[in-house]
């Protein structure tokens, strides 16, 4: 368990990226807030992966694992109640570039073994979650009573609209 | 760095209180309460930190490793649970409050006076 | 008080409080201090009881009473929330309508649900070894079930979530914790004593009662959080007030 | 290298907490709280408290904001006309219609 | 079996009961869940009494290290200790007995419980009992925080139990927000103490502090932890939540909140001071006395004045609780064993009397769907028995000998008089005014004294008639025997507290042990038997009896005057600002709580920071 500063320095990159993302969560346009939140979860995942290696503690990977699983669930639930999730190329590209860029070097360092399997798995879940949530689903306009529509119920047309866009 | 974590904890506590005092919406107030509570997490964990220490989890490190204080972590865990439950209960109250009063603005909820 | 008066009072009081806190912080041991007498003893005690995760040892062994009360708080809060959010006279239920979900999301949900459940159980089971434990794992399991809500709709969720068993599970988890503690007493030891064999450090069965208590907490938290979220979701999705107010007499006059 | 990480995380936490308090619209606040949960998670990892980080991740960034969102939904739905604090939501829908 | 082993059971038995009810309540008929709940509560009470009796012989401390984590020779351990001394055991037993009384009283309550959940109300009460008993018994600071939160969470839910009504929710909300804040302040203080001493046990922290001189950390910790506990105790200016919550909570819950939970806050502050801060490295006695007595006097006066102003009976009783908490704070704040002994008796008797008064008010509410003094004017003439109990309670609250309230007041005020003679006057005036307020309302309601209507548009009474639903589902036509027996028994207990010499003697020696910093530490950590205390038992004396009679006469006089005369416009105007502070606005309450934090800091700082 020796700390390797290199990985910690690398972790600084996504960590510092969180600051502008925070700005978007706080001040961004309403529909971008959820995207920013989604991005923040992805970046947090990177930091967790990198620091687990940096601190030399493979057990910390559990955190990244749990985050990878909870993140899409959280985002989608919010999307349902907050009124939809616009397509987010930024999230998608961050995931497509960032996940391999983070996971693969980590795999190389940790060599073949359980840890690598875990890393690859976390990477896959992160990527899949980000891919789906960034593809711009519109569960908001589904005709569910818990959507954003008033108590009078929603017009079915909005649901059809959503279906068409899929 | 010797003071920063403590000061941050103090800042969060006070800023949460500020939010509670000036809140115009009880849901927002409950959120501010959650913020206030996070000051206790930060303070507790800052107190338990040890320079160069690692987590007191001996699954993958030797048993004589330099570790941080596990006690504050256990306390904080308890605290996190307490916070979540209090939040849940207060939000349940807010929902019913809104049903009966039609508002969640404390300025308009002033039946219990004098 | 007027809004300004309130703010003024707060600002004056907060200034004094700031002085109080900063004064104390300056005299505290520095951040990163080596002075942790209790912590050192706790680590020692954890290793003595062959519990690799010292935090779990503090939570479920050395200070097991704290955790018992903590779980009781959760239990009470769930009970309280269910009571507070009960369906009262004048409210009706309406069936949730089906939702349309994009196929990608549906696939993701279907894929993630079993994975998430497994991860949750893994976090509970390894509580005495790695970071995590009954509470964290329980929340993950509970959240995992709600993936079904995301992937399908509320009716699908309700089908796998008949609330009765979860309510019972919540109670059983709480009772199991208490009974484990009492069993130690019946065995001639003190309440919540770690009387089971401690095993070998680093194995899944090490830690004695830590494993049992961990599982009890995991069960209680998972069930409790499911019930808690269900009461909130019920309010949002199903329960409807007939009119804006409540029953006549207490009714809304605004 | 741990200290700079902790320092950055502390600043992040302090700023997020302030933002969470100053965001007076509950829906928006719920998202900021969720972000605060993530920031606290990172801070806890950096001060070597993975157990706490894990529960903060589950509770702070998922459970608590979710309950707040549900409450806001319930409250907003029950008062259609009078209190419509969800102007942001309206924006959301508008935004969607635009697309 | 060793008696100490029983100690955790006092807390655990109600927990089990709650679990049984939470599951069984879905199937069991109403009567069965009532019987089950009473059985569990009574078992816990019996266990507490056994421990108390066992502790009385020889070793007064009953110590149990939970999980068997007994500390090493230097007192260095990792476990949590449950430490029952006569004071905490006595309070535990009292709490449990009051819970039994409340459960019996509420047999007829909530005819329409939540569907399939007839067990949830008694289950919550049992959880409340577990929280309170644990809070009394624990010897660990963080553990006491957890029990504090348990009490809180259950109490918020119980306060808002009647969700069909408008006001309970609001009271519960203010209660929840302010109390949670208090809890977090307490936790910050605990963290500071942990940073300073590296310990969490009360005895260990106290011992560690002994070895050093006080500094800003100790001061801040004292202020923060005390603030948390004083929020629970509803001391001014942390008190605003109490009337809002107590006026609206279901009556059986009020009996517990006013009768014992609030007093536990005072107990907590006192226990904390003596075990942790009373040593040379803590807060000096003068500073502590200055803090507690100042806050106590403020609390007593505000509570008395406000209670006189109320016409909503439950709110009146709630403010009277505030006033009495002030007196208790003065009693323990003078930091003498005698003051503590007097306060102990006072707390017990007051708990009985206040619960009995709430019980009588509950009968009115369930019969007339109102507890408004003006609305009920003369209507309760048909309830002579309830009226008699109510008036007796009012007289006891004034401090009429030979009630325990009178004995406790006499002993406490004598001790307080050594610190300042004017404190004695505070005791007399405050108990006369709050008792007088209760009596005045009683005269109007049960005897129809005074004009039927009078000009009054106090906001406290600005209410739509009949908007207060009875808590029994339908209005009661006949008063159930249990609802009358319970207040009668409670009043009898309050009487016994003044008459049974053994109780007074017990309180004397209990207080002697309670107010002893070193004895506690060595009993808990070194297992040393405490030296037989040569404490003077609390006893009646002429001055005390005379002062008791004086305050009773004053109270009765005020009551008759107040009942006959409409109130004067001048006093109204004088009191208006005070009333306006009780605004029902949570933002105000939080601001005042922070102000209270500042006040405590300013009061405790001189002496703590400058002492050598």
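Going by the order they are written in, the chains are A, B, C, D and E; count residues from 1 in each one.
In this section, a contact is a pair of C-beta atoms (placed from the backbone, for glycine too) under 8 Å apart; a residue touches a chain by one contact, two chains touch by 3 or more.
Quick caveat, the model's predicted, so the values are computed rather than measured.
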(request) Spell out the chains that contact subunit A while also contacting subunit E. (result) B, C
(request) Any chance you could check whether B-C or C-D wins on number of contacting C-beta pairs? (result) B-C
(request) Compute the distance, rounded to whole Å, between the mean C-alpha positions of subunit B and subunit D. (result) 13
(request) Let me have the rounded angstrom distance from the C-alpha centre of subunit C over to the C-alpha centre of subunit E, please. (result) 30
(message) On a C-alpha centroid basis, what's the spacing between subunit A and subunit B, in Å?
(response) 24
(request) Please list all residues of subunit B that touch 2 or more other chains. (result) 1, 4-5, 13, 17-18, 21-23, 30, 46-49, 52, 54-55, 57, 59, 67-68, 71-73, 75, 77-78, 81-82, 85-86, 88-89, 91, 93-96, 99-103, 107
(message) Quick check: what residues of subunit E touch more than one other chain, meaning two or more?
(response) 142, 146, 149, 153, 156-157, 160, 163, 165-166, 192, 194-195, 200, 580, 583, 585, 587, 590-591, 594
(message) Two or more other chains touching the same residue: where does that happen in subunit C?
(response) 6-7, 10, 14, 17, 21, 26, 28-29, 36, 38-39, 42, 53, 55, 58, 63, 66, 70, 73, 76-77, 80-81, 84-85, 123, 130-132, 135-136, 140, 143, 228, 232-233, 235-236, 241, 244, 246, 250
(message) Can you give me every chain pair that touches, using the contact definition above?
(response) A-B, A-C, A-D, B-C, B-D, B-E, C-D, C-E
(request) Over in the complex, which subunit E residues touch subunit C? Could you list them? (result) 5, 8-9, 12, 15-16, 18-19, 22-23, 26, 64-69, 76-80, 114-115, 117, 120-121, 123-124, 127, 130-131, 134, 138, 142-143, 146-147, 149-150, 153-154, 156-158, 160-161, 163-166, 192, 194-196, 198-200, 215-217, 219-221, 223, 464, 466-467, 469, 580-581, 583, 585, 587-588, 590-592, 594-598, 601-602
(request) Could you pull out which subunit B residues touch subunit A in their complex? (result) 54-55, 57, 59-62, 65
(request) Write out the stretch or stretches of subunit C touching subunit E in their complex. (result) 1, 6-7, 9-10, 12-17, 19-21, 23-24, 26-29, 35-39, 41-42, 45, 58, 61-66, 68-70, 72-73, 75-77, 79-89, 164, 167-168, 170-172, 174-175, 178, 181-182, 184-185, 189-194, 246-247, 249-250, 253
(message) Considering only the defined contacts, which subunit B positions touch subunit E in the complex?
(response) 9, 13, 17, 20-23, 26, 29-30, 33, 36-37, 39-40, 43-44, 47, 71-72, 75, 78-79, 82, 85-86, 89-90, 93-94, 96-97, 100-101, 106-107, 109-114
(message) Can you tell me which positions in subunit D touch subunit B when the two form their complex?
(response) 2-3, 6-7, 10-11, 13-14, 17-18, 20-26, 29-30, 33, 36, 40, 43-44, 47-52, 55-56, 59-60, 63-64, 67-68, 70-72, 74-75, 78-79, 82-83, 85
